[in-house]
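Take a look at the structures below.
Next, two complexes with chain A in common: one pairs it with chain B, the other with chain C.
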Partner chain A sequence: MPPSPCALCHTNRALILRPKDHSKLCRQCFLTTFETEIHHTITSTSLFTRGEKIAIGASGGKDSTVLASVLKTLNERYDYGVELVLLSIDEGIKGYRDDSLETVKRNAQQYGMELTILGYDELYGWTMDQVVEQVGKKGNCTYCGVFRRQALDRGAARLGVRHVVTGHNADDVAETVVLRGDLPRLSRTTSIVTSTPSILTTHTNIKRSKPLKYAYEKEIVLYAHHKQLDYFSTECIYSPEAFRGSARALIKNLERVRPSAILDVVRSGEDMAKLVPGSDEGCGGTCSSSVPVAEEEEGGCGNANANGRTAGGEMASIEQHLAQSEVAAEHNLEVEVTTSSVNGAQNGSVPFTSGKKGRKNKAQPVPLRKLPKQVMGQCKICGYLSSQEVCKACMLLDGLNKNRPRNTIELGYEGQKKDQSINGVASGIEKLAVNGV
Partner chain B sequence: MAASKEDDTISITVEFSGGLEMLFSNERKLPLSIPAKDDTGARTNVAYLVNYLCENAMKDPKKELFVLDGTVRPGILVLINDADWELEGEEKYEVQEGDNILFVSTLHGG
Partner chain C sequence: MPSKHIPDMTDEPCRRCKENLPVLVVRSEPLCRECFLRYVQTKAIKRMESFRVRNAAPDHQRKLLLALSFGISSLTLLHILDGQLKNQKQRTGRTGFALDVVFVDIPNAETAASKEEAFIKIQETYPGFHYNSLDLHDIFEMASEASLSSLLCGADIKEDNTPTEKLASLVFSLTSATARADVITTLKTRLIVEHAKSTGCEGILWGDSTTKLAEKTLSETAKGRGFSLPWQVADGDSPFGLTFNYPLRDILKKELVSYVDLIGPSLASLVRDSPAATQASTSSKNTTIDDLMKQYFESVEENFPSIVSNVVRTTSKLEAPAVDSSAPRCHLCSMPVNDGRFGIHGWGGDQQDGVDAVATPGPPKLCYGCTRSIPKPATNTSNRS
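Our next item is the complex of A and B:
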């Protein structure tokens, strides 16, 4: 094939075929176009505010590395006036996270950003290596996902940051849309912004956003390649090759057949999400009828193992939401909800029931059914936002800690891991004290 | 490099990144000398190269992580001299002396 010229500058040789529109671009035009589109996403959704301090959830992988690089570029080019810092979570997985954290440390220097690393051991008293030692390699992704979700929020609170950006890309969002049948989550998955009211600093919302949500994974990898970014890529040793036979494979196959399919799925997800009453899209994520997002967002590590697995009790919450939807249907509320702006972040807190005041008042002889809906509360152990008495992380930790003394005594006989057995004994004592009261 | 080359082989560089190198004994860069023509006498193309890599360079038995249904697994990008292989004719691209062919996985996480 004869080399084609770039569709934009018409001079350089095209090296990139864009998946979304099949345009052929040269290296420089591609890099600029990619950056400009992210800029457009940021400005059209008013994602950032001047003076804001923003933590980039950084893993050292391609997505977060590209995110950090692009945000630094855009912040300088368009003078957003935001302060960018890196926040990394150390799950405590030897041979995986310790290597990728080295990449993050280099990135911190390359981009001149402050870096904070927060470890699971520090937060929860358990590293993932220790968790796997105890629970085995099945189900450990659940622990990791639940722990990570809180860890980013806690890290942000510690840094005094109220906005965390993550590197979720269009493929991630599309995968989750395909994977997740339940509507409430669809909204959080597709919404560019979600917020987690945090208890760590009272009355503070920690906003989460994904500026790369319309960016193809392919283009992210190409951007990293053509900009020669330093990123780390490997599989987590506890969920190797999770992409096999997964929704991820489906997405990639779709892309091969029709590259625009990924964005189509993302858009469909957004459209469907708008039909869900009480969703983030509908009410800006802060109204009381929305289920707290604290524990329920994406699995985090972006693989099918973690995403596909769902904890018990979830069916119940789906049912609750279906019930909520039915009620909404009775009151003809969908229309109002769907017409609300996509720009969820700016909608303020309008409860969905107030969407159509006039109609609501005259056509409601029956008072609103008391719904068994989830209410935001606080975990009675750690204080983290939770719809249950005890948050998922504390439930998982409780299970781990209950088993620890027995486990550590065995280890103690072998004379290993002294520090671990001390921890175990300590938590055992706490348990006894509680029981004794 | 053309000076010492035999007529029936071509020298190229194959690179792996994005986690794909793990399937190739962690080699990120592989200088290769491959036959200039395949068994039928046709000039060596990328399809031939991919098959050649599976048989000669890949120690890892998990071939399906590289090749699926007879072609490069969806989610793996192929860059021929830094250009997307879709611009070059994909598998039908005839490999030239001195080519740099890069396989990048987008499937691996960080």
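Our next item is the complex of A and C:
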């Protein structure tokens, strides 16, 4: 059989079976198509404005490396007129992050971009290695995820950047749509732009966006491969590959059965976000007037290796939590009066008796509640945006600091303290602890 | 898979009656046979609240249609409703509603004789209802609008073909197992709706369990039909001018399996389900998205039943948009398509940069999900350059 020619240029030999639609393309046409699609995403959503300074959340992994490379290419090709810088978060994981940061440093040189690295130790007084030493390997991803979100915002504020782009791809978005029955979260994950009305020092919003939202993970890998990009492919040592969650596996199986399925899930997610009661996004997040507010994300590693939160242990804990809520729903009134803690924890999974027919039930003890509308305020410790009085990062830090052995001698701890006071989080916690005593 | 049987837990009596020995554990409660049967029946009948005798006008008999597939769920629903109606009759001398039963025959390997036999047997077991057996291709004679015929031109089917030929050609024109399963299910729903309307039923009762509704939620999500989920999963008004109800929505599939087991052969012998455990097909060519979701939730249901019900509960919270009677509808699934957003083009995820994104596609106006299943008309597909 003669080699089939590229379906687009009809000249070169087709080398790539495109994961998204199974078309046969040559290397050059694949790269161009991939780039053009990202360009289309950026222009059709008016993602960038001329003169804007944009920080790329860079981990050294495939997604953010491809993002940096493509944005550089497109910025030059289409003259977006934006300034691109790299922002990396150092979680403090030896044998993983230190190596991947080396990759980011090389990327910075290769792409001629300024690089800023911000460490968890500097921001919070704890490296992930220290956190794991204290809380164990189980559940440490929650700390990492919560810390990372704030870290990127704080880093951006420090750089005077108002827009952070991340490497979230279509598979990530689809996974979240499938995974959680968390409606308020649906619009955040499906919309291309979210914003953090920052109440930190400056009164500016920090915009978050994911230009790779419609790009398949497989195509990102292919792009990196054929462009010979320098990226770091080791999994986080605290969240190994074997731990892969079932939602991720389901997405991959779907893709195998119908290549368009990932995109179709993303589309469904966008459409469903419009049906969430009380949502005011008639536009699916594409018009700038109603940008979903990004709240601190709970759990999970922020980027590609979002395995921790879908792992078996996590599903078991969700199950337990939901089962409690169900019991609470059945014994409606009594439980609500006596155990406020159960209700407090429910947030977002309020037991509903659904069904229009059943609604006329005369023994309806509680009026039907609207979905909990998140009211955003400010964390009273660090000032970060939060729906609770104290933000998740401060809550987690408080727990960590309480259990920190007092008498251990730690090198560099004094030094770190000075840095902390600049950022305020860790020192705020200490103040609270003092007041609380 | 049936719930865990616990022969060795004899030291603890049934959690509800505190007397009998438990026969199985349901959502961490050991229950005896009687209490378990009551548990299932109560959950179903609670969902039929609005069809109680006291809600029925004395001069008007409300009529509902039960869609029977001869699977465990819809048979259980028939069994429970039969009991409920007898009970109503006994206590009040009348019933809250009348029940019709419809079965849609889908051409497959099974012999016509065995189907016939099952259909006779069910009428003997549960007499007193009006039964109908339809063939899937009847849809081409029932659907009043021209919408389906516009579909057929794409599949190269002539108007004067017999309904059987039309269905065969349509199914043959589909290019994947997922698309075939999807189109058949969609047509089946439409046929049942048309039948309900033509026989004066005010609503349709579906046998879907919690597990099935969860499967459907994710399956339709994966097929790009997120927009129509509230109409496919929630109780109440459907966009078809009658109501949809899912009385078994609070019962897991594995609980229904146990129920049929415990009721005994009178019910179990009627079941004509596909083999219990869904086999993972070796080739992804023959696997459908529906199969994948079925496998997924069968495993989730085993250890995480609350996750299954949470999927359904969450989906039921989505608010269906108000349906204007003049709203444009999909020619295949007949769902209202908001703002006429037909086809797969013209949104953020459509990356063709407007090159051949046709704003208003030709005659078959299909929603996003149906567009994925129906192949593009043969014209100008091959010469995209």
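In the analysis below, the second predicted complex is superposed on the first by the 302 of 437 C-alpha atoms of A that agree within 3 Å, B and C clash if a C-alpha of one lies under 4 Å from a C-alpha of the other, contacts with A are read in each partner's own complex, and residues count from 1 in each chain.
One rule holds in what follows: a contact is a pair of C-beta atoms (placed from the backbone, for glycine too) under 8 Å apart; a residue touches a chain by one contact, two chains touch by 3 or more.
Computed from a prediction, not measured in an experiment: that's the story for all the values here.
Trainee: Does the superposition put A:Gly269 against chain B (first), chain C (second), both, or neither?
Mentor: second
Trainee: Going by the contact rule set out at the top, does A:Ala14 touch chain B (first), chain C (second), both, or neither?
Mentor: first
Trainee: Return the chain, chain B or chain C, that is in touch with more residues of chain A.
Mentor: Comparing touch counts on chain A for chain B and chain C gives C.
Trainee: For A:Asp129, is the partner it touches chain B (first), chain C (second), both, or none of the two (neither)?
Mentor: In the superposed model, A:Asp129 contacts neither chain B nor chain C.
Trainee: Could you tell me if A:Val221 is touching chain B, chain C, both of them or neither one (first, second, both, neither)?
Mentor: first
Trainee: Output check: A:Arg256 vs chain B and chain C. Expected answer is one of first, second, both, neither. What do you get?
Mentor: both
Trainee: What is the contact status of A:Cys236 with respect to chain B (first) and chain C (second): first, second, both, or neither?
Mentor: So A:Cys236 only meets chain B here.
Trainee: For A:Asp153, select first, second, both or neither according to whether it touches chain B, chain C, the two together, or no partner.
Mentor: neither
Trainee: Taking the stated contact definition, name every residue in chain A that is touched by chain B in one complex and by chain C in the other, in rising order.
Mentor: Touching chain B and chain C on chain A: residues 253, 256.
Trainee: Give every residue of chain B touching chain A within the complex, in rising order.
Mentor: Residues 17-19, 22, 62, 64-65, 73-75, 77, 79, 82-84, 86-89, 93, 102, 104-110.
Trainee: Note which residues of chain A are touching chain B in the complex, please.
Mentor: The contact residues of chain A facing chain B are 1, 3-4, 13-17, 24, 27, 59-65, 100, 103, 171, 217-218, 220-222, 225-226, 231-236, 241, 243-244, 248-249, 252-253, 255-256, 301-303.
Trainee: Report the residues of chain C in contact with chain A in the complex, numbered from low to high.
Mentor: Interface residues on the chain C side: 27-28, 46-47, 49-50, 176, 178, 218, 220-227, 229-230, 234-237, 243, 245, 249, 284, 287-289, 292, 296, 299-300, 303-307, 309-311, 313-321, 347-349, 351, 353, 368-369, 372, 384-385.
Trainee: For the complex, which residues does chain A have touching chain C?
Mentor: Interface residues on chain A, with respect to chain C: 7-8, 10, 36-37, 40-41, 44-45, 170, 177-178, 181-183, 192, 213-214, 246, 250, 253-254, 256-258, 260-261, 263-272, 275-277, 284, 286, 315-316, 318-319, 322-323, 325-326, 349, 351-352, 354-358, 360-361, 371.
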